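To keep things clear, I will list the structure first and then write my remarks on it.
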Amino acid sequence: MKALTLKMPVRYAINTVLLALLLLAGSALLSAGVFGRAQTSVIMQIGVYIILAVSLNVATGYLGQLPLGHAGFMAVGAYAGAILWKALPEGSLSAVAGIIFGGITAAVFGLIIGIPALRLKGDYLAIITLGFGEIIRIAIVNLSGITGGAPGLKKIPKYSNFTLVYICVILTCVIIHMFMKSRHGRAILSIRENEIAAESCGVNTTYYKVMAFTASAFFAGIAGTLYAGNQGIIAPSEFGFLKSIDILVMVVLGGMGSMIGSIVSAAVLTALPLFLQSSLKGFNDYRMIIYSLLLILVMIFKPSGLFGTYDFSLSFLIEKLGVKKSAKGEKQDGAKA
Amino acid sequence: MAQRHDPRLPILAERDLGKTPVIECKKLGIDFGGLTAVDDFNITVGQTEIAGLIGPNGAGKTTIFNLLTKVYLPTRGSMYLNGSDTRDMNTIAANRAGIARTFQNIRLFKELTVLENVLVGLHNKMSYKLPEAVLRLPSYWREERKTREKALDLLSIFDMQDLHGAKAGSLPYGSQRRLEIVRALATDPIILLLDEPAAGMNPSETGELMKNIIKIRDTFHIAVLLIEHDMHLVMNVCEVVGVLNYGRLIAKGSPKEIQDDPLVIEAYLGKKGET
Amino acid sequence: MQFLSQLINGLQLGSIYALVALGYSMVYGIIMLLNFAHGDIIMVGGYLAMLAIGAGVAPAFAVMISIFGCTILAVIIEKGAYKPLRSAPRLSLLITAIGVSLLLQNLALLIFSANAKPFPGTSILPSGSVSIGGLSIGTTAIITIVVSVVSMAALTLVVQKTKIGKAMRAVSEDTEAAQLMGIPVDLIISVTFAIGSALAGIGSILFCCRYPLLTPTMGSMLGLKAFIAAVLGGIGSIPGAVVGGFAIGLAEVFVNSVGLSTWTDAVVFGILIIVLLARPSGFFGRPMVEKV
């Protein structure tokens, strides 16, 4: 151990301070009116997609499964949260209650779907989750008494503001990070690496698969609620198979198993189309073609994505800057997946 | 039975093998789609005994390991682990009841580090819950630190503690086999199953392995059951050897008895001469 | 009477599903891939036939062009996108297949727009009906069922009796061993894709004659349902795909006829979920045992 490796509590302190500063800076910029209404909405969307990508990464990157119904969990969270919001009196307490409710409802769905689905592997799991996603969407269309049906659920209180989204993004990333850097996280990774070996090490694979899947659904639900609180109106058609694919592209491009990869590619892929749309006419016609080509090319030429399984933390960055001259220090916990 | 022992190895004196065998199989058998892969398999392995299973390729040796570890469920017969019936156990429960194994085609967690591989083996030795991990409570730190030291300790059996940060998949072949043994030991078994531990090793590595198998038995006081084609290893390390042919045990006894058994010579040793 | 005509309806739809399901089943059997793009090949087949007829090609030739086009396209996809990933993790292969599917859909969207195009079905299959004992059956339905049954019988003969069929079975049993026996594995995989897509091409024409509207996404739901049919019957099994196809077709027609048409897709997926949980190997499939 080199003296230049920071102790974990110090790392955590540095991270907390940096994140708080970012929050303050962001809020200051927003309240100073640097960003217009549309741009603020884009920033919020970026936050929502970061949560979606990071949460799908738990099931795809860490657990090594391919659920194709992530948008279904997002929809469950969006509708559950929005319906509760509409029922509760206005207030920040209600805002938080709705988000938690959205997350928990999605997690319950994740649990119900995960227990049977995770008995299957690979392609079967993909198709069964796709099926569940479609069933959820069809149910939302048909249960119009509660959900508003195909035209959508309207007049949702617009609770999602920068602070709320930012805090949710940070909490999601931190919780998932802490989760993965524990015996539970290692168990999940071991299932991805070799399920039979994991079982022969006494790892309860079913339990951990369901755990990862449910966690993934929980955060997707939170993202869904935030999405509803940003849009003010949601319709079932927004939560189809293609939305699941959008999120998958982000995870694959960033690198399955890399949280920072998911964050960066979610941010870029959310912001880029919205900016290019105005400057590059007809970009949207080509967007899905580009996405699909990206999926194929990344898989063939760089299956590990842009970031591989590399994870980094803010404090690690500082460490790097501080110890440039020293010999290779021992990388610890936070620096490596 | 000791007369052919390599003088470098400690002589396997008569030991107390315990009253209850670690593993006892009674008429174990399995069919795959009408094809009998293993039939009427009876074996007992005593505490701290080193037993070997030999036989030509396709004789059903690995199938037996898969039966013992509950990867496959037997069609017939029963198996007792430390005296308790394993009928309702799955692979996970069998491991928790004290059976650990390595694989013929190495199954490491390749993208994880050497240390992490061992830590997965130590998974059930930790008890902190998810909230404790997410909130990074003291119990998390305490157990993680303790387990990490334990893992490094285990790695030191094969002098691998300095490799702890390397990706398991990047290790040379022999080290991968050794890491698999360490990972299996980490689960704190009462019997260790080794599936061709010397495959792909050169003679000096094999010699090292032979010493280590005995050292592991003596340090951890566990039984070892191994499948191996290297007759030198089997005859010098094992106290008892079973010979499998066409899914049936055709002979069982001390290495000396096995070498003199005409059935075995016909089925297996008859074509010996290479390794 | 009502019931009988619904039954014929279900058999017509089911035989199309069966034809498409065979492609999924064969490909899954040989390289363990859920070929997401298979459904979209049907869409391409439909547009090809439409373009050919629009250009004045005789209907019979238009059908040939369409089937041939599907075959070529599938082989190109196999060589270009799947072959480089032969030894990659299955997850990568599956994601690539999804990518190919999206690419085909969006290229079609760019070329033909999202608006539904009418398919000149009547110039391929004559409309009209035959009356048997007061029950009027559309000729399209009869031709569809007959063509499907003949194609499936031909496939069974190829797989069971010919040398190439034997090679296909060997590769799906154990690719490595087949390679060691001197079977040209790459070629056999391509042939499997080609045969599967030729059947999809036939299915495409039959499907478009029944639902004569072409959209870029028409193949995805059809494909998914056919895949479900293949799973239901037991992946890798030819009779399984046929039985599964008929079962899904009949179930769908039945759900529609009791007035729950908005729930049809949900019911089909529900069937899949129940089958996978109760009997993952389907009616005729063999349970897969992972080699340890």
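Each chain gets a letter, A, B and C, in the order it is written, and its residues are counted from 1.
One rule holds for everything that comes next: contacts are C-beta pairs under 8 Å (C-beta built on N, C-alpha and C of every residue); 3 or more make two chains touch, one makes a residue touch a chain.
What you see is a predicted model; the values in this text were computed from it and never measured.
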{"item": "Intersection of the contact lists for chain B and chain C", "value": "A"}
{"item": "Chain whose average C-alpha position is farthest from chain B's own", "value": "C"}
{"item": "Cα-centroid distance, chain B relative to chain C, in whole angstrom", "value": "48"}
{"item": "Averaged-CA centre spacing for the pair chain C and chain A, given as whole angstrom", "value": "35"}
{"item": "Between chain B and chain A, distance of the C-alpha-averaged centres to the nearest whole Å", "value": "41"}
{"item": "Touching two or more other chains - residue numbers and ranges from chain C", "value": "292"}
{"item": "Residue numbers of chain B (touch at least two other chains)", "value": "71, 103"}
{"item": "Of all residues in chain A, the ones touching two or more other chains", "value": "196"}
{"item": "Chain A contact footprint on chain B (complex, rising order)", "value": "69, 71, 90-92, 95-96, 100-101, 103, 107-113, 116, 119-121, 123-124, 126, 128, 130, 133-136, 140-141, 144, 147, 165, 183-184, 186-187"}
{"item": "In the complex, chain C residues that touch chain A", "value": "28, 32-34, 81, 84-85, 88-96, 98-103, 105-107, 109-110, 220, 224, 227-228, 231, 262-263, 265-266, 269-270, 272-273, 276-277, 280, 290, 292"}
{"item": "Contact set on chain A toward chain B in their complex", "value": "8, 12, 175, 178-179, 181-187, 189-190, 192-194, 196-205, 211, 257, 309, 330-331, 336"}
{"item": "Chain A residues within the chain C interface of the complex", "value": "60, 64, 66, 68, 116, 119-120, 122-124, 126-128, 130-132, 134-135, 138-139, 141-142, 196, 241, 245, 248, 252, 256, 285-286, 288-289, 291-296, 299-300, 303"}
